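The following pair of complexes shares a single chain, chain A, combined with chain B in the former and chain C in the latter.
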Partner chain A sequence: MADAYRLMQEQYVKILETYLQEKNETGLYQAQQFSKKVLENQISPEEVVSLHIEALEQFYPNLPQGARDSFDFLIEIMMGYGMAYREHQILRDKQKELESEINVAANMQQTFLPDEIPEMDELDIGVISVPASKMSGDYYHFIKDDNDSLGVAIADIIGKGVPAALCMSMIKYGMDSLPEQRLQPGALLENLNRVVEQNVASNMFITMMYGSYDPRVHHFYYSGAGHEPGLFYNYAEDRFEDLYAKGLVLGLDRDTKFREYHKKVEAGDFIVLLSDGVTECRTDEGFIEREELTRMIREYSHLSAQEIVNNVFYQLERLQGFRLRDDFSLIILRRKV
Partner chain B sequence: MNLDIRTEELDGETVLFVGGEIDAYTASQLRESLLPLTEKEGAVIVVDLTDVNYIDSTGLGIFIGALKSANSNGSSLRLTGLNDRVKRLFSITGLDEVMDIEEEEEAQ
Partner chain C sequence: MSVQSNVEVHSEWGIVSARQAGRNLAKELGFAGVDQARITTAISELARNIYLYAEKGEIVLEGIEGKEAGGVKRGLKIVAKDQGPGIKSIREVMEDGYTTSGGLGAGLPGVKRLMDEFDIDSITGEGTEITTIKWLR
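Now for the complex of A and B:
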């Protein structure tokens, strides 16, 4: 540290001397470069003032006492800046540390989500899930059971970021530890609700929709726990309708029952599941309407399910100026023609 | 952004007038005003949301917390003045069936 200071001092004397003699742009440029070095070497503002006075004393041995004293005065004033600067340094280090911890956690969270989309002869599946910040409060999951039915879950954990992510791990393990009831969406939600209710703070909750697609009869069975309604596209009539399953959010009442709904799916029909980050998409003119969303989906409906969700995400992201306010998840299951 | 919150005692009821957007940034402000009220046994609390145009899920969580607190402390909680967007949120989440929500407040 002392060496660094000595070195800086020699350099400062040199560049100040040059500047005082030539008074040109080059001198000012050197001052800028020097200020970067000072920051790099963590030299405090009051030390810079010391550098200056020491240099002046070399150039002008007969510096009036008043001028000299005034620099001591200035040093005193710069002390406050110096302290603020050191505090800033400490905070910056701390922030770096936190950031790297969050990166580790975000990577861990990624492992909660399926790493590939299941392949099925009967269904064309598209999924996109993008967190607003590093960690997501949206969860989705696919399960293929022994009868080749496909279970699909989409859940939205209240809030965003780290607290939501912690809560998501509970949903993940809750789902993993459920008995083989996977074909019954209502029972699945009832089980999960008991896990959540016991383990969350009083103002936390989770919304979820769980559905099971039976490819032998092409029926979609589903139940909802306060989740944003999905959409059902009727291919023959070229018409969208809401896919709504009324039910209370998870985590509020231990004895909540969830009704099971079902839908017959014909060739070309598709099911859209989403998180409220999709419908709560806010532009300068206000919230987008569901009609806007269905218009977009229809516009891309000639593409594959994955291309539809990618395109809808891109359009909505653009509408929001490429800044998501909320986690965004969109899933499409289309019965192949 | 801040919420405008003001309480009034009207006919033995405590009315909490809220204005603004209840989201992740303002929710704690609502919680600090609302939760203590629900902790008094026998209290009747009305939350007037006429001037609230938006509630997000964090905001909704505050009402859930307040409902649980009211249930366990023997007080009661009623919401009034919900606009369509806010009403839809309470309906989708099924909260309209466990919470006392006053209909047609605006028509009066």
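Now for the complex of A and C:
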């Protein structure tokens, strides 16, 4: 530290002397470069003032006393900046520490999500889930039951970031602890609702859609808890319709019942499940319309389900200038021909 | 060593007197301009805390000697004592970013960074004693 100061002092004397002799832009450019160096060496503002007065005393031994004293005054003024500067450095280090902690947590959180998408002869499945920052408040899950039905869950914790992520881990354990054979969507949500109601602060809510796809009869059974409606694409009619399931959000009322809906799925039809981060993509002109989303999906519908979700995500990310405002999850289940 | 000087702090005049005494002692001990300013700022902040939160207390200044590898080092010790309400959570006031947002000015972490050694002891309802040292480089 003391050495750094002395080194800076030598350089400062040199460049200031050159500038005072030549008074040109090169000299000022040197000063600008020097200011980067003092920052690198963590020289604080009051020390810079001190560098200056020491240099001046060298050049002008007969500096008027008043001028000299005025620098003591200036040093005193710079003390506040100096303290703020040092605090800033400490806070910056602290922030780095926090960031690396969050990175670890985010990696842990990734392990809550399925490692791979289930392979099925009957279904082409695509999934993308991207957090707005590091940790996600979105959750999705696939379960295959004894009858080869595929259970698919998508949940969105109201809010985002760390609190939402903590809450999401609870949903994961809640789902894991449910009896395996019980995959009827309505009953599953009722169970989960009780878990959430008991374990989560009353100001935290979770929306969720749970569906079960029976590949033997190609029916999709689903229930929703206040979740963003999905989409159903009718291939024969080339038409999208909303996949809406009425139901209260999880964690609000212990005795909520969830109605079960179902949909017959024909070859080429597909089911789109999403979090509100998809529809609440905000551009300069406001939220995107659901029509915009269906237009994009249709544009890529000749591709595989995974390529569709990847492309839609890329387009929407681009629309927002590559800055997500909310966690983004999009799942497509398409019945193969 | 030099005698210690005690400055009562119960008004802004007291803060200025404490600063003055600190600066004189720092000069006498041979501290350079910037370090003089740091010591004075530390005294100023500590005295201000007494004035604002304890209403009454004192600043004790003393030139001291300490051991170091090559022999003896000299330093300036500041003790700020008050019989005020004390600090409930020392950990909180010692946390960076806490005091600045609460309007306490530079705060204790700032003082700690200006100096070389820092110790704080506070008992709720009885008062606070802060001891801090700057060594001559």
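Here is the rule we go by: the second predicted complex is superposed on the first by the 332 of 337 C-alpha atoms of A that agree within 3 Å, B and C clash if a C-alpha of one lies under 4 Å from a C-alpha of the other, contacts with A are read in each partner's own complex, and residues count from 1 in each chain.
The rule we apply is simple: a residue touches a chain if its C-beta (ideal position, glycine included) is under 8 Å from a C-beta of that chain, and two chains touch if they have at least 3 such contacts.
Note that this is a predicted model, so its numbers are computed, not measured.
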Quick one: is A:92 in contact with chain B, with chain C, with both, or with neither? Answer first, second, both or neither.
neither
Contact-wise, after the overlay, does A:50 reach chain B, chain C, both or neither (first, second, both, neither)?
second
The chain contacting more residues of chain A, comparing chain B with chain C, is B
Where does A:248 make contact in the superposed view: on chain B (first), on chain C (second), on both, or on neither?
first
Please indicate which partner A:144 is in contact with in the superposed arrangement: first for chain B, second for chain C, both, or neither.
neither
Once the shared chain is lined up, is A:207 touching chain B (first), chain C (second), both, or neither of them?
first
Please indicate which partner A:336 is in contact with in the superposed arrangement: first for chain B, second for chain C, both, or neither.
neither
Of all residues in chain A, which touch chain B in the complex?
156, 158-160, 201-205, 207, 225-229, 244, 246-249, 252-253, 276, 280, 287, 326
Which positions of chain B touch chain A when the two form their complex?
24, 31, 56-58, 60-62, 64-65, 67-69, 85, 92-95, 97-98
Over in the complex, which chain C residues touch chain A? Could you list them?
32-34, 37-38, 40-41, 96-97, 100, 106, 109-110, 113-114, 137
Using the touch rule from the top, collect the residues of chain A that touch chain C in their complex.
2, 46-47, 50, 53, 72, 75-76, 79-80, 83-84, 86-87, 90-91, 94
